[in-house]
Structure formats: C-alpha cells, structure tokens
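Written below as structure tokens is the structure these notes are about.
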C-alpha cells in the first residue's frame, strides 16, 4: 500500500529524516514511536507530502513519486496522494472559522461534493462517535484541548481515506476517552483502512498496531511486529525506551492496581 | 484639414474651465454660461456648427488640446509670446486690465512698484503670476482667484493681481469684503481663442467669425449682458 | 436664514446629484474591479512563477509610487498620442481600478500570508485543491484582518474620485468648485461637499463594522471595545 | 497557600466550573484529573485569573479577590496574583517571534529586569535540564510538539514562581522524557514550589501529586490524598475512570512486560 | 537633444529641491506624528473606557470621511475666523498628521486584534503587565501583517503632500505646476514629478521589503514568492 524508499528530509542543514525505507501493508496499522524530536511528525507529513522529501521515492497505491534535490513535484501527483490520505495533526489545526460540525462537513461538501444534508448527517454521526454530540455548534476556540482533538479525528475520519495518518491522536484525551477513540480507530483498521500512527502512548500503540517502527534522530532503530518490538525489543535502545513506561507504571499508580 | 473635420462633424469642441466667473461658470440652474461660453457659441454659429464644451482644469485644458480632445480653448487665455510659440491664437476677443488688489487697511502698497518684496497670491498658471513676479513680488501659489482673495483677506498675502472684470464680479457677490483696488495696469492685455498650430484655415475662419459677431452686434449684446460695457478694447 | 445656510441648501441638490451620478458609480465600479485585480496580483506575487511575480511587483511599484493625478493625465491626455482615445469616465475608471488594484494587493498579500501555514495543511489534508483551500479556508480567515485596511482604501477612493475632475469628469468636488467660482465661498462649499462625502463614507464605515463583526464572530482573539 | 471558595465560571449560559472549593497547601502538589471537557484547564486559568470567575473567592498567599457577576476586578489585584504564578499552557503558547532561548529569557529580562547575561545563563541551564540544549536558537515554528512543550515548561520554570500551574505538561512527551520532566517538577515541588497540575496521565499524577482532585462537568467528584484517590477511589465514577488505565495496561503492552 | 528631454533636465533641479525642502520633511514628520496618534487611537478603541472610545471613533469617522483637501482648507482658511492663524507648513503638518492618525489607527487596531488571545495570556502568565505585553509580545507579531498596509498609507502620503499646494506650500507638485505655467507642457512636467515621487516611494518600498523580511523571519507561515 505505502512504500517509502530511502526517504530523506532536510531542513536547511538539519537532516531530520535519514534514509528511511518502510513498507505499510494495506489494511495494517503501523505505530511510529520514539523520542520527541525523532522525526515522527515529519515522516508522517512526508507521506502525504505536506513536506516534500529531499530525496527518495514514495509509492502510495498506484501513485509513485520520486524526489531529488531541486526537482519540482507536479501538483497533480501530490493531489493524487493527498486525496487518498487523511491526517490528524498533532496540534489539531481545526478551521477556526467553522463550527465543530462545519469542520467535519467541510471536506464532504467541498471536496466530495456531498449534498449538505447528507454531509450533515454523517458529521453528526461521527461527532457522536467521539463523544462530541453536545458541542456540535461550538467554535473551536471555545473547545477544550481534548474536545478539539476529537473534532480533528472526526474531520479526518469523515473523508473515509484509504490511508489515515494520525499524529498523536490521543495526546489530549483522558484514558477513558483515549480507549474509546482507540476502539474507533481499531474498528476502522479492521474495516481495511491503512493507518500510520505516531504516538508516544505505547499502550495505544501496542493495542492497535500490527507493526511498530522505532524512530530516533531520523533513523529507524528497530521495526517489526508490534508485539515483538514492544514485548521483546532487540535493540538495547528500544528496550530502554519501552521499559521507561513499565518503570513508570511500577513506581506510580501501578502499585495501587 | 481640422476645419473640414469640424464642419463634417457639425460640432466644434471647446475646452473651458467652467469655474471662472464671469467668463465661464455655471449658473444657478447649473448650466454652463459666461462671457467666454457665449462667445464660443456665437463663433460656432458663424462657422455653421454647434459648440460642444468640455470642462476641465486649467493644466488639463492645455494638455487636452494637444491630445485632440477639443479643437479650441476659450478660457480667457492671455495672448503671450511664450504661448504663441506652441499654439495658434485667434485675434483678441477681449481686453482686460490687470488690477492690484489689497486689503482695505493696507496703506503700504499703492502701486505695482510697491510689490517688491511683498507676498502676492496668484494662481501659478496665470499671466498675472508672471506680472507680479516681474514687479518683484514673492509668489504664493493658489488654485484660483477665490483662494487668492482668501489669502489676502487672512493677511497671509499682501496683494493679488487679477483682471478687473473678475474683481468686479467678486465685489458683486461680496460687496462687504474688505478689499480694494489700488492700481490698474496702464496697457490692457488681450485674450484670444487658443487653437492648435498648423491649421491656418481654422484660425482664419475663427477670426472671420469673431469679426462677424462684432460687426452684427452679437458681441456687444454678450458683452453688455456680462459687463455692462464693451470689453473688446 | 443666515447666508451660509441658504447657500448650503441651494447647492445641496447640485452636489448630491453630481455625487450620485459620477462619484458613486465611479467608486463602486473601480472598487469592484480594483479588488479583483488586487486579489489576482496578490495571489500572483505569493504563488506565481517568477516572471509574473516580477511583472506584478513592477505594477505595484509604479502605481503606488506615482501620483494618481499623473496617472489619470497619462491615461487621458497621454494615451491619445499612441492612438488610444478614451472617454473621461472610462479613463477615470481605468486609473482608479489600477490604483485600487495596487494598494489592495499589498493588503491582501499581507493578510493571506498571515494565516498560519497549518491552515493550508489542514485544508490540503482533507483533499482540497489550492483553489478550494484559498476560497474556503484562507480567505475567510484573512478577511478578518483585511477589512479595516481595505476599507481605508475604499474610503480614500470615495474622495480620490475628485481627482477625476482634472480629466473633465464633473464629479462632486468639481460641482462644488463650480459654485465657488460664482459665490467666492470656498470654505462653505467645500464643507458642504465634505458633508456629502462623509455621508457616503459613513455607509462604508457601517459596512465595515458589520463585516468586522461577521468575520470575527468565531472568537479566539481579544474581546475589546470598538 | 491557594484557597478557592465557591468558584463558579460561566461562559454565557454554560456553567463550566460549578461551585468548586479547594485548598492547596504551600509546597504541595495537586493533581487535577478527570474527563476531557471536565473543566481542568478552566479551573487552572481561574487560579491565575486568565479567566475571571463569575463568582466566588480566590486567596493566593496574601492576595484575596472576591468575584461577583458584574463586579470589576482591579488590575493591581490581578497582577499581584499573576506575579506569583507561572503557567504551562496546554497548547504551549510560545512566543513565535522569539527563539527558544529568548522565550525562556523573556520574563527574566522584561519582568524581573535581570541583566541579559544572567538571564541567558539561567535560560540555557533550564533548557539543558529539559533536554533542549541543542535547539536553543530554533524558532518555535521549527520545533516538534514535544520540543515546544519543553520550552514552555522551561519558560514557566524560569520565573521561579511560588505557584506553578501546569496544564497537561507531558502530553506531547514520550514516556522517557515525561519521566525526566516529572523528575524536574518533583524536585521543584520538593524545594517548596506549590503546584497544580491538570493531567490525564495518571501515572504522572500518582507519581508527583500529594493531593488529587477528580473533576467532572465542572464539579469535584472526589478529592483527597493522591494515593487514596488513585489507589482506592471512593466513588464509583472515580473508580471506573482510574480503572480504565489499568484495563488498558492489562490488555495492551502490559502483557508483554 | 529632444525638446522634452531638455525640459526635463532643466526642471529637474527645481523639482528635486522642492521635494527635498517640503515634500520629504512634510512626509516624514507627519508620518512619525501620525503613526503615534494612530497607535494611541487604536489602543484607545481596543482598550479604552467607553467615552474615549466614542471620541476616537468620531475622530476616525470624520477624518476618514471627509476629503483631505477640505480638512486642509478648514485648518488654513477656516480656523482664522476663530482666531487661529497658522502658517502653511504647520497647517499642512497638522492636517496630514490627523489623516495618517485616522487611517493608521484602523490598520493598527486590526493587526493588534489579529494576534491570538493566547499570546496575551502567555505574556501575562510570565508576569508582564499590559504595557510590556503590548510592546514585547503583541506589537512585534502584529507588525508582520501591518507593514504592507501601513506602507500603503505612507506611500500615499508622499503623494498626498501635493495637496499642500492648495494651502500655498510650494512643494514638489506645485513646483511642477509653476513650470507648466510657462512651458505649457503639463504631461512632461507631471511625468517628471511622477519620477521624483517614484524615487521617493521606492525608498519606502525598499524599507517595506526589509521590514517584512525582518518581521517574518520567524516563520510559521507560507513560504512564498514576493
């Protein structure tokens, strides 16, 4: 479904993605984990070309684009890839001038040209799913962090993309809600949507991911089946990272459980 | 060949300001009237065409004749050597004398010679500006006679030069304005109809028309109507 | 009745009529065309290929840099020498449109650029193309900041139309000057004209307040007195 | 140290904080937990008066302010409270026109009037503490989510406030970093800074908090010693909320540990 | 040498001198004063008590709504009737300052309001008072959007100073008119004046580009051609 080969991304002199190759199977869920600043967001943004990679090749379905420094990428090709992908941004990026409902309807009406009533019904359904039925007409600026995040998720889901890219989709959610949202996402995955999720919530990752990729400093340190990467990491670095949570769990409320 | 064009169109286009009473202005019904306007109409009639007036600002008026926006300018254009170099003039159709205007309470300025070192409010594009400068006055630029008078009234300028006819019109409107004439120029200056160069036929026809209206009394009627006297000399 | 009041009342219909007949249509038409031109210019400068960007910059540079009066002169008195003889009203319309286009393009460019990049990304991420992103996501947000400076431009225009008098359009101010020519009361007549201009601009100011309210209703910024 | 009595906050008709009374002891750490939209952020913002409560009384150190609908609050009183409090915002709110270093220096130089070199040294020290030494001169717009959050934390710490209000201070951090940041905060608490932390990371909460407050729909459902609230919640609602994580842990990567 | 070129070369020093002596100082002084007045007015409208807000709105309404020429006339020809007799230059300076103040206040108000509320909160949260927040957090961010519309106002001003001719200030355009009076070449002289205006505005445009770059270096928005 998605195939990245030798993707690099530089910002000026800074190499943020360093020769990453990755395959994501249709209908699978891939978790991108790793320390802050490791390049998770950037990699996700490269997949739907919000950042144009410095070099490498991206294949998404039938669309293939090759990148090289100085080479311009055709708008059509970009658009072809973007039409197949949805994205939940780390900082939500809701449209401030549209209500929660309108945010979710926007793509349906503008891009898919659905009639308003149909779009309205679908948007309400999705907002209800993420527990936002009571805030349908609220402006984003009046929503709490978790509420904004849920609208952002609903907005991305609305387009029923073949590929859903989620950047920390539960970072602002309390554990209960996170679990619910994870459920929604799992169901989506089961229905065949391909997902790539950047997250530092290893619980979420291990719960929904088939495949896990551990990214640090723009390089893939370890990747493989999620169970294996989280359960029995091969690399020392990965082991330390994964264990940091168990440590926290053990020393913290974990005692109380 | 311009003459042919005019005849063929049946219209002579005349540029004028429309804001210079009593020569070219709008009456209470907002109709364009005035001495120059009626002269233009009378001349056109003699040419066997209709007069069509185009109103614009002074600087534009001159540019407009270059750009062929009209065929003639009738707007109290003084006949000077400088202008003759670029444009053709008809025979003069009016003579006026420059007068020196000061505030009632001004006793310093008694004649043109006293202008030396004084401030004269003048529309820069007029002949009078040059006359004031020639008398040694320092010019204060304005957009027209009405502003020049304002400057004199507010003591920002000591004097202004203009033609006696305009001043009379002003006094008619504002009898109690505290300004007076202290001197009049000895020799009259003449204004003519401004035409493009290189069209001697048209100049000749216009001159003939001017002569005709003087001969048949039309000119006198117009002159009496606006000034109560004959202003051709 | 005092003299000045009489004069004002007498001149009022004449001025108003000149305003309605020339000032208002000239203002509205040149603003509509100018705003379109400004949007095109702004978008070209932000997104166009380099040659077009240079042309757009040149246009803005020349038009903003030279007096409107001179531009009108060139269009009306200068173009005939290259065989283009325009009537006064169309000449004025072209001049004002070019002007509004240049000034408004700077404003539009600034406000488009002020919308955070993330909003473009959000629009693209739900599959919008550039046009849709611009129309539905960027411009509505940019509008909020654009309204006051654009209405500055619009309201200036109302009064700048008086320059059309220089190229023989008998608009409001010219009408006032005509009356001054026979009454020698510039102050009274000009104030009279100013009152009519003020009335026209007040309509625009009221529109501005409405638009500001409309574009700001989604919050997220300072709640403030106005 | 901080005492809220009968605080209410309405947004229009919506009552977001509903008669909350709360005492926070000097040098203690209070965790605000609860579902998304429960009013955690709003309550924090009421404490340093970024939102003016509709009614109630706030005491912070010596400053006491009483609120009532329609009653204007003096700027001096507000400023007195704000000078004693620092805040880490849920969405960071870095100054975009200042580099990471300048963001941290800003308060020191502008408010405390420190000389630039001293402020610079202090800012560097803090940024190093939160692992941001390598991004000192970066603009906020080029920082990853977690990096922004760390700068925001450093900025708040720089002012050495008597009271530190943290709104989800680890939401964008990976578990390793979260642990580090929590350590920094714990140390601060140990040094006597009073802290109120809104968080949905119950591990963090149980790790650092003395006192826990469970907020839902603007009301306090349960409060008490953190150990007790997390370990043996009294209320059915709290129990369910706390158990949602243990559930996630058990079903998720917890198995692998 | 063709006639027109000769004429241009002859008139150039005269025009330039008028520009340097009157146009430039009038522009710079009235912009400096006007911008200060605009900032005060904008802040008053955003944060002031209601009576002051009403006064500020009234000021903006009247000044934006009436022609600059009329304002100059009233100051120069009208005020003497209440005993205030100003020289031409100060009268012009007052008129232009009031104008820049009104127009720029609208721009400043819009851009201040465009900075997200969260930035105020962030500034307050580290203990800044209102003044510090404004000076160090809000205005620097607002400046990014403000530069193009403000430079519109500034560049317009350069050319609007020609209106000062109406109240006898012998500035650049009037110098051109004086030469027109003897040469009858308005088009050539006006183009000549336009070239000098263009040179003056180009300095401002260049300044605008520099300021835009400076205020935008922190990124977060569209990378775009300019």
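Just so it is clear, A, B, C, D and E label the chains in written order, and each chain counts residues from 1 on its own.
The criterion applied here is as follows: a residue touches a chain if its C-beta (ideal position, glycine included) is under 8 Å from a C-beta of that chain, and two chains touch if they have at least 3 such contacts.
Which chain is which protein? Per UniProt: A, D = Cystine transport system ATP-binding protein.
All values reported here derive from a predicted model rather than from experimental measurement.
Identification of common neighbours of chain A and chain E yields C, D. Graph distance from chain B to chain E, where chains that touch are one step apart, equals 1. Chain centres here are C-alpha means, and the one lying farthest from chain C is D. Chain C and chain E have Cα centroids separated by 17 Å.
Averaging C-alpha coordinates per chain places the centre of chain C 49 Å away from that of chain D. The centroid of the Cα atoms in chain A and the matching centroid in chain B are 82 Å apart.
Separating the centre of chain B from that of chain D, both taken as means of CA atoms, is a distance of 83 Å. In chain B, the residues that reach two or more other chains under the touch definition are 59-60, 63, 66, 147, 150. Shared interface positions of chain E, defined as residues touching 2 or more other chains, are 77, 186-187, 190, 220. Of all residues in chain A, those touching 2 or more other chains are 91, 142, listed in ascending order. Every pair of chains in contact is given here: A-C, A-D, B-C, B-E, C-E, D-E. Contact residues on chain B toward chain E in their complex (touch as defined above): 59-60, 62-63, 66, 82-83, 86-87, 121, 124-126, 129-130, 139-143, 147, 150-151, 154-156. Chain contact summary for the complex, chain A toward chain D: residues 11, 33-37, 40-42, 90-91, 135, 142-147, 150, 167-168, 171-179, 200, 202-207, 227, 230-232, 240-242, 244-249, 251-257.
Contacts from chain C toward chain E in the complex involve residues 45-48, 50, 53, 57, 61-62, 64-71, 73-74, 77-78, 103, 106-107, 109-117, 120, 144-149, 151-153, 155-156, 159, 162, 173, 186-187, 190-191, 193-195, 197-198, 200-202, 205, 216, 220-222, 224-226. Every residue of chain C that touches chain A in the complex is listed here, in rising order: 118-119, 121-130, 132, 136-137, 140-141, 215, 218-220.
On the chain E side of its complex with chain B, the touching residues are 77, 80, 85, 88, 165-166, 168, 170, 174, 177-178, 180-184, 186-187, 190.
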